[in-house]
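Here the chain labels run A, B and C in written order, and each chain numbers its own residues starting at 1.
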Amino acid sequence: MISIDTELIKEIVGTGKRIDNRGFDEYREIKIEPNIISSAEGSARVKLGNTEVVAGIKMEISEPYPDTPKEGTMMVTTEFVPLASPEFEPGPPDENSVEAARVVDRAIRESKAIAFEKLCIKEGEKSWTVCIDIDVLNDDGNLIDASGIAAITALLNTKMPDLDENEKPIYSKKGSKSLPIKEIPVSTTFVKIGDKIMADPSLSEKEAMDARLTVGTVKKGDNIVLCSMQKGGSVGFTEEEIYQIIEQAEKKGEELRAKIKKALV
Amino acid sequence: MSDEFVMEEKEEESKKEAVPETVPEEAPKRRLVIPGDLLGSGIAGHGAYEENGKVYSKFIGLAEEKNSLFFVIPLSGIYNPKRGDGVIGKIEEISFSKWIVDINSPYQAVLPLNEAVDEFIDLTKTDLTRYFDYGDIIFAEISTVTKTKNVQLSMKNRKCRKLRGGRLIKVTPAKVPRIIGKAGSMVEMIKELTGTQIVVGQNGIVWVKGENEGIATEAILLIEQRSHVHGLTDQIKEILEKKLSHTGKPKDNIENKEVI
Amino acid sequence: MTDKRIDGRKPDELRKIEARVGVLEKADGSAFFRLGNTMAIAGVYGPRKVFPRHDEEAERAVLRTKYNMAPFSTETRSRPGTNRRSTEISLVIREALTPVIFLNEFPKTAIDLHIEVLQADASTRCVAINAASLALADAGVPMRDLIVSCSAGKIGGKLVLDIAGKEDTEGELDLPIAYYPKKKEITLLQMDGLTNKKEVKEIISLAIKGCEQIYKKQQEALRDKYKLEEVPEIKTKE
């Protein structure tokens, strides 16, 4: 629903400013805390402005897919828990929650961040499934980027459970081996309001937006590589706008990657 | 005797032709267009929209131009209520001082008591069903449509009345002008030849009553199918004359297309 | 290394297209669309009253979109019912079509769009969107233009247009788009795979070229509906 705020934001953006006075290419303050949930194999809490999410990694043993018998698998789920926003309702995931999970999944999967070939326990029979669950605790916009940062940070501090004599995972204490992670993919989201493009939309900016583009990037050697893209919103982008966003995404992705690395030290 | 509101109908001219990127110098007055087709430079009328001085079609339909005003008659689509339209509706609900009427539209219409009945009515003593009951079919005029699509009807126009007996046909509202014809010529022709009473609602509902109801219905459905064809009035006349003279007694074999 | 793809196509060649409008009797508008072995049917009901009422919007119509894959559409049977993938695809399809629809002309109504994929050989969301655009126009929903959709990608390092099944599973990158031709705007964009910013420009350009070709076929299909070769006779039973 269009609210008074939305009209005000469009006006302000039209004059070249953002409602919270940030630069158009500026992200809100980010706080990354790894390893905060002891019951999980890996975890992270991320605050992006007032948006807050927690990611937890649980590793389970299951059958590998028939066409990849020597590889582990992963799944990403996001929970838009009702306490995070007056707009979230209890019940099965709605389309926004599903989209967020799949976009986070895409960046991690396509960048080949997880070395699935190292997650095989017994070929064709047993392998590790990496379950990435993200709980949104407060929605002040840009859940995708916050969730993405939390997910990869959690993966980077995940320890695989040791196996007992019956080949069952021991969850009561932290395992000895780290989950093999090869890359640090990062999703960066931009929105268009009128003809202005801005990074890291806050909730009110998201409500006023015309269109949104999330670009996932990863660094391979010296090169920045694009690994995923997702457009949202009910207005189109011109090609120019898309390429503009991709340029910015490369820069912002690097900045976020640096912050993640720093938090894990 | 004309029983319906007649809409101005223009000369039928078109045949299907490819729509070029720019409007050719000698484009025929009416041609088949699709959404996004360029109609010309000027003002957008019904069924068209304007962008940077150029006018484009919103629908699959027949495009026409009059003094740089471009409009398109859609060949399909639901009925969007308009003030002044004569519509055929069915009484759906009866409330304290009004009737709620289904006018074949996503928008319900309201017929207030004072727009339907002239005499003074004591609501505490009178049952509104005396005038119009559930399921009754009426021909009414749309007196108001608000911005939020609240539709109000009136029966004050002398052409408005309850329609008893007969059968109802549902057609695409956009085809109604063809069924009526220029200055009523098409529908009058059908009425005369088949000896039926016909009332055509702008909302795509047509009421037919008479011994040859079935044949009249067939004709109307045929017009709906061929609405974009040139010389339709003569074609229909021919078909009707053949059907009516066939075996001396006209057969009435068509099933009701849509009884509401 | 030859220039031909698994199915013999050139890198910038689309699969065979088939488009038909008005294929379902009960729907207000409908269309069938096919790209090679991927086929879908779209049906539109509306604008009509909204149920449940709380979906209603006071100032515009709501476009409700459901993309569904028939259980027999894939080689391994897909379980009927919604899943996360079809939920996401329904969302992006809706957002792809919204820019061209005059939603404000029908406040407090719903336009219900259902797309059924009958046979899946990759690029299902593209075929779904192409069918949906035609179905909306067929239903008489006022539109600024048609939306057209196509995918492009990378196989064996080579850029290709319109990814087909076998290519999809063995390919390196898949990038479907939806395009608003009059405004030259992209209304759907997704990407799976690895590329750089220079290459992605070429892939997007390729997809747009594919869209422009499909657009012509969509327009033909709409005009064809009203082409009468033979005047039909109504038969009376004797």
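Worth a mention:
Criterion: contacts are C-beta pairs under 8 Å (C-beta built on N, C-alpha and C of every residue); 3 or more make two chains touch, one makes a residue touch a chain.
Because the structure is a prediction, the values reported are computed rather than measured.
Nearest to the common centre of all protein CA atoms is the CA centroid of chain C.
Centroid distances built from C-alpha atoms place B farthest away from chain C.
Chain A and chain B, compared by their mean Cα positions, are separated by 55 Å. The centroid of the Cα atoms in chain B and the matching centroid in chain C are 33 Å apart.
Averaged Cα coordinates give chain A a centre that lies 28 Å from the centre of chain C. Residues of chain A that touch chain C in their complex: 1, 93, 95-96, 98-99, 101-102, 106, 110-111, 213, 218, 220, 223-239, 242-243, 246-247, 250. Listed in rising order, the residues of chain C touching chain B in the complex are 28-29, 46-49, 58, 100, 102, 105-109, 137-146, 181-182, 219, 222-223, 225-228, 231-232, 234, 236-238.
Note for the complex: chain B touches chain C at residues 16, 18-19, 32, 34-36, 47, 49, 56, 58-60, 74-78, 80, 106-107, 148-149, 172, 174, 218, 221-222, 225-226, 228-229, 235, 239, 243, 246, 251, 253-254. Across the complex, chain A is touched by residues 57, 84-85, 87-88, 90-92, 95, 98-99, 175, 180, 183-197, 200-201, 204-205, 208 of chain C.
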